[in-house]
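Below are the structure tokens for one structure; questions will follow.
Letters A, B, C and D mark the chains in the order given here, with residues in each chain numbered from 1 onward.
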Amino acid sequence: MPAPSESEVRGYLKTLSNWGRWGSEDELGTINLITPAKRQAAARLVSHGQSVTCARPITTDITPDTTVQPMRFMVDSGEGRDTVSPERALQRRGAAEFIGMVFHGYTITHVDAPSHYFWEGQLYNGRSCNTVTSREGATVNSVEVLRDGVVSRGVLLDVARTRGVRWLEGGSGVMPEDLEAAERAAGVRVEPGDILLVRTGYYGRRLAEGPVHPLQAMIGTDTHNDVHPAPYPSMGNSFHVVCLVAMGLWLIDNANLEDLAQTAARLSRWEFLMTVAPLRLKNVTGSPVNPIAVF
Amino acid sequence: MPAPSESEVRGYLKTLSNWGRWGSEDELGTINLITPAKRQAAARLVSHGQSVTCARPITTDITPDTTVQPMRFMVDSGEGRDTVSPERALQRRGAAEFIGMVFHGYTITHVDAPSHYFWEGQLYNGRSCNTVTSREGATVNSVEVLRDGVVSRGVLLDVARTRGVRWLEGGSGVMPEDLEAAERAAGVRVEPGDILLVRTGYYGRRLAEGPVHPLQAMIGTDTHNDVHPAPYPSMGNSFHVVCLVAMGLWLIDNANLEDLAQTAARLSRWEFLMTVAPLRLKNVTGSPVNPIAVF
Amino acid sequence: MPAPSESEVRGYLKTLSNWGRWGSEDELGTINLITPAKRQAAARLVSHGQSVTCARPITTDITPDTTVQPMRFMVDSGEGRDTVSPERALQRRGAAEFIGMVFHGYTITHVDAPSHYFWEGQLYNGRSCNTVTSREGATVNSVEVLRDGVVSRGVLLDVARTRGVRWLEGGSGVMPEDLEAAERAAGVRVEPGDILLVRTGYYGRRLAEGPVHPLQAMIGTDTHNDVHPAPYPSMGNSFHVVCLVAMGLWLIDNANLEDLAQTAARLSRWEFLMTVAPLRLKNVTGSPVNPIAVF
Amino acid sequence: MPAPSESEVRGYLKTLSNWGRWGSEDELGTINLITPAKRQAAARLVSHGQSVTCARPITTDITPDTTVQPMRFMVDSGEGRDTVSPERALQRRGAAEFIGMVFHGYTITHVDAPSHYFWEGQLYNGRSCNTVTSREGATVNSVEVLRDGVVSRGVLLDVARTRGVRWLEGGSGVMPEDLEAAERAAGVRVEPGDILLVRTGYYGRRLAEGPVHPLQAMIGTDTHNDVHPAPYPSMGNSFHVVCLVAMGLWLIDNANLEDLAQTAARLSRWEFLMTVAPLRLKNVTGSPVNPIAVF
């Protein structure tokens, strides 16, 4: 099946739109699909008691795909505290650091809130792009609306594994038939309210071969991110537009699905309890996260 | 029961020590007590499918208990993107921000790794304080060792509720008989591997009356933090020393247990599935977190 | 003489405008008035060989007039480097820090570039406010255009001294007759191309009594800043508008004129060689500075 | 003349030492050599009235010689302020930014204070390296002691020009006979209290060919920095040690002497009035600067 044409993709902005579906004030978007019953069922999936990270480490290294270097500066350290006077040792007993980052980009596992993206001057649910200001930040659709976390069934569709490759090559998108094949291979069906993790093997490739810039295409996410180079130049990152703006579908960018895929294969389980817990950052367009799967 | 004397507390450094218990290389400390069976049992506690945050919002406000102001600076915003040229709109479709913080302190919900604290020149398990350097950071006992998250049974002991007060007054510590009374009131027993949350009502008071500096005493945590003013001046924050250094017992500082306490009371359930997912920060002494309870 | 009315001040936007005076591409504004001959004459004023700062210290303290806390985080320190191994001592020989600040505000001595302010959608010389973007910064009228520094005659008009008070009270502006009286007292006349420093004693008061928020009114600057509370509510900081937008007149905010005033009084000299050397910050709306007067 | 041997260089630590020369409390080091008479004479050198920067631009680019990426984040911008409501336009009239940097390193023109470097556990004048702490910063020998700026005669010794090359090749140090040849070519003699600028052409090469990492060797400074690769491995950056620790001789790292050299050649003048005005950063080991030469 060929990739959809640009006019088909532009059509998705209308056919997949969730604007108004959960009311004109809604900021949760597709998170509305996660019901208490869904969370209960997700918890019942836990049978091995094993937890696995879906996040990459955050380091201060500069790599070819760094846009803004993460920072870690100590505001106090332990050096020499074994040879100082007892008074000084009592006064300075702890180590602490400043951490800082632009989590959006290509290296840090993070959640995208709908306030992260706009199209023709609008955010999800028809709000104006002027609600995200340079001074006040994301005055609507901030990640803060996910304060109680996202707890639901996680489903891993391991497209690389299903295709029998270590990783997908750049420029090749994940097509619906890939997802269906991965579903069949895993014996699961994606259902409303699931947290979908699609593995292309990109991060495994990055670990093996180092970063390639730009790389936004091949990243496993809760759905997917975007093909690079962008196949629809006049739309930019078209899946971000469709998901974040039209659907109110939150994204996890830059996940690490390598550990998860190994555990899933070992246990022959591609569904699990998933918890994503964004920081409660006021007026912010997303959050760095460490999504946890429990088998 | 009176508070223990300083010499009793100093005795805890020996009697409660876990140094060597899980081997000389261990960095996990009491996290070792969480077994797969423990996680399975925790997941079976989910019966209502409701999730609740235990984190406070993170804002850039300066309050009397601010030590280092958190930062949020936009690296791109949406302002005026509805009136720019189509080319510019395509080029700048997304909003993003830099976030930065010193999460240690009195306002941000965070995990303390054992590398955060030392006593007489040593960290947990006998490591030298010189392993936490001003350049490289926490080269041992970094929060990174919790990469797979902490998933276990959470137990809320609501001491304020058990005492019949809105919040405990400053200067009064939580004593063992308080915990036992709260256990009896809740009909639960704290067991090995639990994530213990002790509510003093401090954060409720802060919401109602504003911050009081210093305030480290009254904070509900997975155990507790420290009484203020420090009752053992020559030990400083003695519970941090006992927990982090001697026991390898990780702490959650500055939790928000108000929402949790209300949900627990409404459902008459003081045990639940708990997920704490620190960011995978390399060589860092803790992490901001949003701990999630699921009932 | 009473303060001018709002309509008079709005009139200044036209009568004092320098738009087009130095060409439609000009970014220097009134700096154009400083000629080589002016700099030569300024250098000839040096007769005592004494240099004096006009800057305040920059600290990380939070004060009532802090808007964004300045940061200083060590990226390496010297602690314990006297007891480490020779290899480690060789590897880590130096101390260094990260410094960060929002220099605009009420506490840091800094230069305002014309890109710092706009009025009815325009900057100095008729440029659009959209040239100062949240992503790229000040794409025009950046402080970088002062790369070769500002070297000219400095003139101190000590209004507080002339009025015989330690400092002017809040709410009272500096009027033309104040400047004329100070000129007469000092025996100098302000001339084109001078760097004018007007002392109200505000900083001396802040040193003596602590900061008062807000305090933008009483600050000695190269002209002056603004009266607080703003006498023309619909204009905001009207002098910033008149100076930066209409005149292209660069400002020094939050100068420290206490040391300068003492030296000037002691030497009975109110003119001197002045050097202001902004950092060469690309696309930035000003710079922290340490202006140096030489008598 | 061959490069000095390591034992000769180690000997300089004694023979060139200024410890105690200006008293045991001294923090100024060789700045003590700049007298009022020296400043007066420097001012008399101004005959053309032309000012020239000796700083490089500061950008947020990541280059091969970046160690920590400089930051510029807008805290307010002008975008869309021409189409907002009048109320909003009045409320948000100004643009501002956060700037942050680790000025030490290979790209930003900056001053090194003696607190930046230590040798065998000691700073200039015999102070302990433990006076530069991870929490409090440089509690002695902070750049703050230069609060009144450094104003003196600047002398440019253009070694590249004297040797007849565009720039010196890496690995080749500047030897005393180079300086003497440059003195003869320029018709000047370096004297006590001068600010010496030695041009190797490194920055011109960086502009022409891009950065080469590491590059610390070839940088024109007020003396010079260090040869790379370090010829005395057991001493590290030996000139930093000799200058900062033994001599209390402040350094300007990463100067831009290209504009200066062109002006000097055009005017046939290699001496000029020099003003270096470090920011008044409390407890900091140096400062970014824009040194200004006036001919």
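Note that in this section contacts are C-beta pairs under 8 Å (C-beta built on N, C-alpha and C of every residue); 3 or more make two chains touch, one makes a residue touch a chain.
Here the structure is a predicted model, which means the values were calculated and not measured.
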- [ ] Can you grab the rotation angle between subunit A and subunit D? Superpose on CA, round to the nearest 5°.
- [x] 180
Task: Cα-centroid distance, subunit B relative to subunit D, in whole angstrom - done: 45
Open item on the list: As a quick test, compute the distance in whole Å between the mean CA positions of subunit C and subunit D.
Closed with: 24
- [ ] Please list all residues of subunit C that touch 2 or more other chains.
- [x] 68, 71, 74-75, 77, 79-83, 97-98, 130, 134-135
- [ ] Answer with line, ring, star, complete or other to describe the graph linking chains that touch.
- [x] complete
Open item on the list: Give the list of subunit A residues in touch with subunit C in this complex.
Closed with: 71, 73-75, 77, 79-83, 98, 134
Task: Contact set on subunit D toward subunit C in their complex - done: 35-40, 43-44, 46-53, 55-60, 68, 71-72, 74-75, 77-83, 89-90, 93-105, 109, 115-123, 128-135, 137-138, 144, 147-149, 151, 234-237, 240-241, 273, 275, 277-285, 288-292, 294
TODO: Flag every residue of subunit A that touches subunit D in the complex, lowest number first.
DONE: 62, 66, 68-69, 71, 74-77, 79-80, 84, 92, 130, 134-135
